[in-house]
Amino acid sequence: MSEKDDRFSQAFKEILSGGLTRTLLAIILGFLVGALFMIVSNKEFIEALGYFFSRPADAFAAAWNVVANGYGALFRGAIFNADADSFEKAIRPITETLRLGAPLIAAGLGIGLTFRVGLFNIGGTGQLIFGMIFATWVATRLELPFVIHMLVAVIAGILGATFLGALVGYLKARTGAHEVILTIMFNYVAISIFTFLMRDPNLLQEERATGNPKADPAAETALLPKIFGDEFSVHFGLIFALVAVVVYWWLMERSTIGYRLRMVGHNPDAAESAGVNVKRTYVIAMALSAAFVGVAAGNQALGTSIGVIPSSHANIGFDAITVALLGGSSAPGILLAGLLFGAFKAGGPSMQVIGISPEVLGIVQAAIVLFIAAPPLIRALFRLPKPQTTNALAAIRDRFFRKGGAK
Amino acid sequence: MNPLVEEKVGFKAPIVMASLGFVVILFFGFLGKEGDVAFQLSRRQDVIQLDPIIINAVLLGIVSGALMLLIAVFSTIQAVQNKRTPVWVSAIFGLIGVISLLGWLATGNSVPVAFIAGTALVLAVPIIFGSMAGVMSERVGVTNIAIEGQLLTGAFMAAVVSTITKSYTLGIIFAMSTAAIFSMILATFAIKYLAQQIIVGVVLNVLAIGVTNFLFQQWLKEDGENLNFPGTLDVIRIPVLSDIPILGPVLFENRLTVYFALIAVPLLWFVMFKTKLGLRARAVGEHPLAADTVGINVGRTRFWWVTLGGAMAGLGGAALTIGNAGAFGREMTGGIGFIALAVMILGRWHPITASLAALLFGFSIILRVWANQVSPGIPSDFITMVPYVVTIIAVVGFVGRSRAPKALAQPYVKG
Amino acid sequence: MKLELRGITKRFGTLVANDSINLTVEAGEIHALLGENGAGKSTLMNVLYGLYTADEGQILLDDKPQDFDGPGDAMAAGIGMVHQHFMLIPVFTVAENVALGNEPTGLLGSMDMAAARNKVLEISERFGFNVDPDALIEDLPVGIQQRVEIIKALSREARVLVLDEPTAVLTPQETDELMEIMRQLAKSGTSIVFITHKLREVKAVADKITVIRLGKVVGTASPDASTNELASMMVGREVELTVQKELSELGPALVEVKNISVLDDRLHRAVDDVSFDVFGGEILAIAGVQGNGQTELAEALVGVRSVIKGAGSIAVKGKDVTSASVRKVLEAGVAFIPEDRKKDGLVPEFTISENFMLNQSFTSRFTKGLNINFPLRKEIATDLVDRFDVRTPSIDTPAGKLSGGNQQKVVVARELARDVEVLIASQPTRGVDVGSIEFIHEQIVSERDRGKAVILISTELDEVLALADRIAVMYRGKIVGIVGPETPRETLGKMMAGVSA
């Protein structure tokens, strides 16, 4: 083997062993697992299985059909609809993906931040709800001029979420209680408070919604404006999410604050000896994390012209965990992961239309992250080489895709 | 080393107790509604009939509050002497509080004691099984956030298999074994692939929700009659014992799943603390390397305890469907698994105290339903919130310093 | 029982920890295995005990080849081990710890605790150990814990007993008692492998000595060989136990410690009413057996651990820092080399250059507003790696990938590069190779010559004697006395056992 070949195979090995390859393989595996579920739950396939030995081709055809139709519908619903009669309608799916991905990205950044500090924020839902309470209050009970009203409402949402995050951080720092339990409990508390507020017209309830918990719609002036005109529903929430990505990148990779956050995440003892107040860092980290979740809260509260209801949190707080894990807690990773899971949300209804339950995407989502969670598993499955570090590729990767992971 | 221990017992417990005492004496007592309340000790069908206890609600509030304040004073004296308040004192404190709350809610009405206690037990059973799964897993050092998923899997399998095979026995067996297999994923990822256990747990919950939702949507919804119509287990009355006043109807007139729980909890306690299996399990959770050096296979011990814990949770799932609801519903666990986790921590990783904490949650669920009937003015959202707030206060105030198994969430890697 | 190891080789990746080691221990013999930290002694014993699987070679007991698949097998074959870090479960009782893995059971598989208790009492009485079977391990002093470990091994009928650095945590008196126990055991026919790097103990108790260095057996010796001979075998050249240093001029008192007391994690009083001053231009060594409060003292000085309120004070350069945060103490002019570099001194996942700014991330030359000053950091890191001879492929290598000695150099470089007047160095050369030890010692002395006040905390008497201008000896949280560097070893040894000079 010549030296050049050798170097090539070395580089190839490194690409294979890297996080990016592993992530792609996990995504592919996830889709395969989803396909499996679609196949075994498909009636035609089960029928064909009954006479499998006489005409096996039927079973394979049925299996292929259901998978192709299912993922085809997902593509049409989430990326590009080639059957549409106008160009606007054809590209509407991708704009839907952007719209639904935006809050996942913002909340994913929040959860990713805690992973890098060695914390687990399972409380995205509660923080999101607190943010929505504040944002909805500003949007429905204050009268302010256009743009300013919207900005104030978004900031209120961020502050509301931050408040709850900081509270959890404070309680953890002060008493040593585990943040996982605290955040889970606060999720339930938050949803109860939210529902209570939406039951009383003096608080947030819409006048006409007798008895049912439903909030007043946000004032026109507070709604997030549409980006591409009324034809597309994607709104400024996307811009805020993209700004959040840049802020997150700067914070974690370039700033001294992020440096200390990462330090505490990797080795709190060393951080303590280096003069970092670890407890205060936990409070700051939970607050910052919730602030990013708050951006998603603004998106949920101000992105729709009908009033919010208790389920408007849309499980984003939980989905954000998978987004952060898939994105490796890095800014670009979370951006891409949020878009992927946003596409799942956008494409679900089209699958429903052709009779495949979009719940299968939940399985795909879980399977992907499960494979991501155990790098040795993927390596074992595909006989990938062990990770190698010292070289330029690794340096570049380190720079942009710095793996946070929770230690 | 100097043997002088200089630990300070804090004043958190007395402070919390005193404030609760004041709330009771003020709101339930002096500011409470005038009227009588009847505590019905017997049901109409019971063999032995006890007369209901009728008492003035305001008086009850004042007396209870005063007793609670007295206990708070006792607790303060203990704290001053650097002693902890014994658990049984706290338990009595809680009981008095509960009685005063019931009396206040049902002023001018009656409190069906047996009904409330019995239903609380039935509702607590899935939580108890879930927390047992947590105890079994965490005592060997594997964090189990996936209880929710294990319960859901068990609930689904119990409903579907019981319907298809028309056999509850098979339903329970499948519920337990499927949840056990599901737990094996957690065990394998944690032990073999050294994955972050909390992450795996969270993801497994998402997976269980995804799979059951998908199958529910794809199959059960259309063909519920043939797939999701198990009904519930028969109520078994244990002769003689079920005639004991108050206790009889609560403990000895139940479905099989409740009896399983009543057996499983003391059994687990015995195995965990009195047998060599338990000693080894706890050793693995505290100091795996030390366990390894005396020839205990750490990986295998962890694997089987986590797996059997899953089977426990599977039984808890069965208790949800064929033990209570009579059918599987989308995401029907609704957070019970997380409550079980909280209960396990509140109970300090001990089967019996954890079960008592689970009863508290069961009680709060039935209280919400019942309170809505007897005094509709109470905002139900706040009652819903109570157990979670109690958990937060407990975790923050009392359990913060309690010791989890030392090697919890740490993978064990041999050289 | 006769133990024989033939050609044992154990590799970790590219590192050869044991390179075809041969060793024979006759029945009833006390065989010392002598070697520096990191020579491969513990690896070898873990192979013998079945914790590691050897890549090559054979273990024979009474000439029969053995195949251990885990410690259980080794134990069953009659090998008992007292590990350097005790393998005891702190929340279990003595009886439970001894029984673990070998439990007497009664009805329904329940534990027969009475039998377990009796076993402990029986062995304890046979050797005069005086151990309470119902005591919780976490409440016992280390010396007693070690006896529990020995009881544990004996309760399993161990006929080969391996003691891994057993004296590291003991006072000289406890060490003497342990040696007596070892002789007694040997007399009863037990073979003993005694792993250590302390020459005096080897000479006192061993029947035969095998020296290993860098994973290889470099020779055998008898206990009457001279200390210098053994030492040079151990480190591979004539060792120079002293560092060249001139008398230096004493400056003002830079650190003043008055009557401080500190609690440890278990809330025991670990530091008890300690006072001392340290002047510019001197090295004050804090000597003592491990676990007598030195760790807690160092942590209290830096502010990681709080001092008991009300009594006592710490001042740096005349400024009171008794209850100041770590950051305030560091900013007051203190550099700190922590005892456990992996735990407290480094972030292994961070690159070397990131580690250089670890305690200077607030406002320093490394920062520009809220941003990190990346170009300058690179410049500083390149310079420090060069000046302190850190062997690394690049400044962007994660610190965790370096060898122990080089990791320590990163910590030392970071601390010495700070422009401050007080240096607290806790076990600065623990687990570091000989070459790096010399380098680090020279650096510490040159800091002192520059007028810094140095507090050196070390459990190695040799290190203390080589560097100190004054020696404070700690015992059970108190300073027994502060003496000059010319104090004889024997006197220091007595002080370390609590006898004041």
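Order as written gives the chain letters A, B and C; numbering starts at 1 within each chain.
Operating definition for what follows: a contact is a pair of C-beta atoms (placed from the backbone, for glycine too) under 8 Å apart; a residue touches a chain by one contact, two chains touch by 3 or more.
Note that the structure is a prediction, hence the values are computed from the model and not measured.
Novice: If you tally contacting C-beta pairs for every chain pair, which pair wins?
Specialist: Among the chain pairs, A-B has the highest number of C-beta contacts.
Novice: Would you identify the chain whose Cα-based centre sits farthest away from the centre of chain A?
Specialist: Between chain A and the rest, the longest centre separation is with C.
Novice: CA centre of chain A versus CA centre of chain C: separation in Å?
Specialist: Once rounded, the distance between the two centres reads 47 Å.
Novice: Roughly how far is chain A from chain B, going centre to centre by Cα mean, in whole Å?
Specialist: 31
Novice: Suppose each chain is reduced to the average of its Cα coordinates; what separation in Å results between chain B and chain C?
Specialist: 46
Novice: For chain B, what residues touch not just one other chain but two or more?
Specialist: Residue numbers touching two or more other chains: none in chain B.
Novice: Considering the complex alone, what residue numbers of chain A touch chain C?
Specialist: 254-257, 259-260, 262-263, 266-267, 269-277, 389-390, 395, 398
Novice: Over in the complex, which chain C residues touch chain B? Could you list them?
Specialist: Spelled out, the residues of chain C in touch with chain B are 12, 46, 49, 51-52, 70-73, 75-76, 81, 83, 86-92, 96, 99-103, 105, 108-111, 139, 141-142, 152, 263, 266-270, 272, 291, 476-477.
Novice: Could you pull out which chain B residues touch chain A in their complex?
Specialist: Chain B reaches chain A through residues 145, 185, 189, 192-196, 198-200, 202-204, 206-207, 209-211, 213-219, 335, 338, 341-342, 345, 379, 381-382, 384-385, 388-389, 391-392, 395-397, 399-401.
Novice: Can you list the chain B residues touching chain C in their complex?
Specialist: 1-7, 270, 274-277, 279-280, 282-283, 286-287, 289-297, 403, 406, 414-415
Novice: Given the complex with chain A, which residues does chain C contribute to the contact?
Specialist: Going by the criterion above, the answer is residues 302, 304, 325-327, 329-331, 336, 338, 343-350, 354, 357-359, 361-362, 367, 370-372, 393-394, 396-398, 401.
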